[in-house]
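Presented sequentially are two complexes of chain A, the first with chain B as partner and the second with chain C.
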Partner chain A sequence: MNAGPQGGAGFPACRRNRHAGRPAALALLLALFTSLVLSVSRAPAQAIPYQRQVQTAPQPDTIGGGYKTPEVQRARPRQYWLQVLDVVLLAVAMCVTVWIVLKRRNRKWVVVTAAGSLAYFGFYREGCICPIGSIQNVTVALTDPGYSIPIVVTATFVLPLAVALFFGRAFCGGVCPLGAIQELVVLKPIRTPRRLDRALGLLKYVYLGLAILFAVKPALARDFLICRFDPFVGLFRREGAPHMLMLGGAFLVGGMFIGRPYCRYLCPYGALLSWCSRLAYRGVTVTPDKELDCGLCAGACPYGAIEEMRTVRWDCLYCARCYAFCPRDGQLARAKAPLVRLPGATS
Partner chain B sequence: MSADMTRRGLLGNAARGAVLLTLGGGTGFLVRKAHGQVVWQVDVTRCLNSRLGEVTGDGCRLCTSECVVGLSAVRAVNEYSKCGRCSICPAYFDITSAVDEHGLPSEKLCPRDAVTRTPIGKVDPEDPANNYYEYAIDEEKCDGCGRCAMRCKEPLGLGAITLRVRYDRCLNCNKCAISRACPQNAFIQLPIEQALQAQEVKRSGS
Partner chain C sequence: MSTLTRAAAATIAALVAILLVDYAVATRRAPRDDKLIADLQRQSQTDAALASRLDSEQKRITAAHLSRRSRDRAVSGMLIAAAAVFILFSGRLVGRMSLPAAPARNRKPARPRFLKPPAAVLKSPNRTLIRYRITDDCIGCTVCAQVCPKGAIRFRPYEKHRVDHELCTPCDMCRRVCQEDAVEIVMTAPAPVMDSGA
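Coming up: the complex of A and B.
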């Protein structure tokens, strides 16, 4: 912050603002004397009095020798078709997730899809652009007549919501890099008491409200909270403010024991997705036609999304653990030597 | 039972349709309003490093320190067509340093040694002071401290070197961290095409 004029050594303009007066005159005398002494003692090592050599820039024909002016700046913004590709990949990844979870009922491939999304949308695209942060951009674009967002951003925001409206939160399970990084660290999840779970779940609505509040403010006071306080984006970029990196680390360590804390309690986009998935035409189901009431699926769900042997669609994060743990479904049933062979189970 | 189920199904369909219509309407509104991509760029008419009349000792350096990317996305760029190609460039040499045996200042200005000096055109090895030189700034090394831009501006230089955003590193944050910190509000959002064009520094009196 050097807003004020400070004398740069050797600058012609630095001589202004000198106060005339006795102390200044004394200082000037002293300086003259010192410079005289110095110039005598080290005369050859003096700086040249700088004069600008040309008044106009010479062009290639003046320079001659076949000189061509090189391109000024090589670094270009990301190409438009690559941005469109991101949206296409987002859509494809969501379709694949829906197909794997609803049709194949397979956990392994959901994890593979999520890991792929984490690698691409997370570590390669460095967590940007994402639908979570775009909530605020969309809000600003809807309310401020002087602000608009590219079509790519609109598509990124709308597509996961549209999918949630038909199939539930497939975006959370297979595409979202923030979800995927937490999904991969779930180690030994404890069941949070339902009341606490519900109460903490309200936080995301508060966060959503705050995000919208800060987005509808006038341009100068506007603050893009979600992006600024995204706990994982620093990890994706492998750099960032130390406190945000620590917060991200804390979420990951906490996430080993409490399944996907950011998604369940804070994610403002999760709030929108859960509203949409309430209306889902088809979602994750825990085999109601052939269930055993064994409750293995409910025990396996780290997100408390199975209540009274039914999936809670708006809480289900499409991880497909319930299938993997079901003796009549998923990987156990398809395994060569199932842990429990049940009468009537197709192996 | 079945009548109840169909009623639920109907209500569900109606609600889903309503939400879809809302989403579609919102999307339509946003798409109609949409313009091309917007990027951050330095407004050189406001930037302390290139604005005339500002004498800033060691430069403002906020572009280097505030960017969320480790090595800042802001780089000094030499607009070659405006460059004087001087043999003693005030942005390449530290012109306050002592003169060496070749008659050139002995020290370079750039703390990261990012500027290179190459003779161009018809090179006369006998008379190096009369050759034209190209000063290229290595985008990989430069951290956007702006020292060279500060020296290149008039009256010392022609103002060819300015700070610019390097787009392959800029993450295009919603609210650029440098724009928050910039005391001159010199960080502005522009449509790509405009941002990539050469910027004209406002000359005093013209």
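Coming up: the complex of A and C.
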């Protein structure tokens, strides 16, 4: 199979070497993973004593009638093999997405995978554990010696980045429940102006910075912004603060017309993924062997990820719409037909 | 839009309205209930007869709270189901129902109205000696429509294109760009005999 865009003559910007920094970045990621694992094994989890808040909790004399304050109850942790199953499912779903998008070039099955992920990671697991939020856990584990994270969290954080390093943002397209719920509501996307798109895209770096800033604070002042202001987790759990539920609803209504607003403009993990996917050696290519230059794929992409008839790899969210909207879809799917001769060019 | 899609959309709207109304009613009632309980608690410390009323009011509020919670969960479950039906049957998710716009680089001018030849000339089959016709090999890629300088081919993605002979000035652009070889030349008149000069 042809990996990169082949007809680069007309688009010299595509010809630069994308592969140069990949081994270094891979080594960096590996080092990150190893150091995370080491930090986990070095410091055992430190139990923070639970203290009942006197002002809000009911006291024995507030109710009367022989009322006793119940023992503090905590939810039992999820069984370990189930946590491992989550990570395995994450990895499998990403592999399946990569295979469907890059090999089968089929939109239908990407949507099925995304819907399955939405059902499992979203509605069943209720949006936790997610790589987006794991940014904060990893940050805290790296900065606070008294805080350690289990290896499943580390793996949840690192796996999508590793996949992005090789194949682009497959996590966004087929696995992320936040992405999937927005992907499913894109009904009538309008094309946002390129400049506005770029400007709003900077917001996610601000958000990432703020999230890290609040996560590295000392234990009692610490706040997990990404989880607190996650607009969709309330929808997954079907309960929560009313203003957050309404914000989630507003994101979905807006997402009917602006494709995946959270992913493109706010998602802090998307910022990390787009950095990694700049180095990807294989990604979504609009026209691998033959192209018409008709631009229907660019018109169909709701995320503005096709520029100059080429995929912008760090913006591409693996939705595979460009294949579905290609007038040569059937041929592309089989990729067997010979290159069509341009009539005027020969002779 | 099919009937099922429309019904699903109406259901979604109704369920969202139910949730919003439920929320509004609950937020209106909450401060009143809080005040009632606080009053009863204060009074029952002096008047023991009010203790049973306090108990029943607390039970009522708790029951209302729990029933609202379970009701909202049920409604939101139905909402998810209705949304799934709407998304599945609106056909916009997987297929090509929402057509892409024409690429911005190739916006065509409006159909020209000036310099139109007289109707008699246009009707004549011999207005031009050749005509361009698009065959069934057309895959609807709109490339010819994008390059046509006269806008004689309408931008209709995924449909078999058609040349408007009234606008066509046989310039051969569409035939040159078509990668499917779907544009053919049709002779409309016998080839003229060239006179070598009088």
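Note that the second predicted complex is superposed on the first by the 252 of 347 C-alpha atoms of A that agree within 3 Å, B and C clash if a C-alpha of one lies under 4 Å from a C-alpha of the other, contacts with A are read in each partner's own complex, and residues count from 1 in each chain.
By definition in this document, contacts are C-beta pairs under 8 Å (C-beta built on N, C-alpha and C of every residue); 3 or more make two chains touch, one makes a residue touch a chain.
Keep in mind it's a predicted model, so treat the numbers as computed, not measured.
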Which holds for A:L142: it touches chain B only (first), chain C only (second), both, or neither? first
Now for A:F171: first (chain B), second (chain C), both, or neither, which partner does it touch?
neither
Per residue count on chain A, the busier partner among chain B and chain C is B
Of the partners chain B and chain C, which touch A:F236 in the superposed model: first, second, both, neither? neither
After superposition on the shared chain, which partner residues are touched by A:W314: those of chain B (first), chain C (second), both, or neither?
neither
#### Entry: First, second, both or neither for A:K108, with chain B first and chain C second
second
With both complexes overlaid on chain A, does A:Y207 touch chain B (first), chain C (second), both or neither? neither
Name the contact category of A:Y281: first (chain B only), second (chain C only), both, or neither. first
- Check whether A:C128 is in contact with chain B, with chain C, with both or with neither, and answer first, second, both or neither. first
Where chain B and chain C land on the same part of chain A: residues 239
Interface with chain A, chain B side, in the complex: residues 12, 15-16, 19-20, 23, 26-27, 29-31, 33-39, 48, 53-60, 62, 68-70, 75, 77-88, 90, 95-99, 103, 105, 120-123, 132, 134, 136, 139, 150, 155-158, 160, 164, 166-175, 183-184, 192, 196, 198
Interface with chain B, chain A side, in the complex: residues 1-3, 5-14, 42, 44-48, 50, 52-54, 56-59, 63-65, 67, 69-70, 72-78, 80, 83, 126, 128, 133, 136-138, 141-142, 148-151, 154-155, 158, 161-162, 165-166, 222-224, 227-228, 237, 239-241, 276, 279, 281
In the complex, the residues of chain A that touch chain C are 107-108, 111, 123, 184-189, 191, 238-239, 242, 249, 290, 292-300, 324-325, 327-328, 340-344
Per the touch rule above, chain C residues touching chain A in the complex are 16, 23, 27, 69, 72-73, 76-77, 80, 83, 87, 90, 92-96, 98, 100-103, 105-106, 139-143, 146, 157-158, 175-181
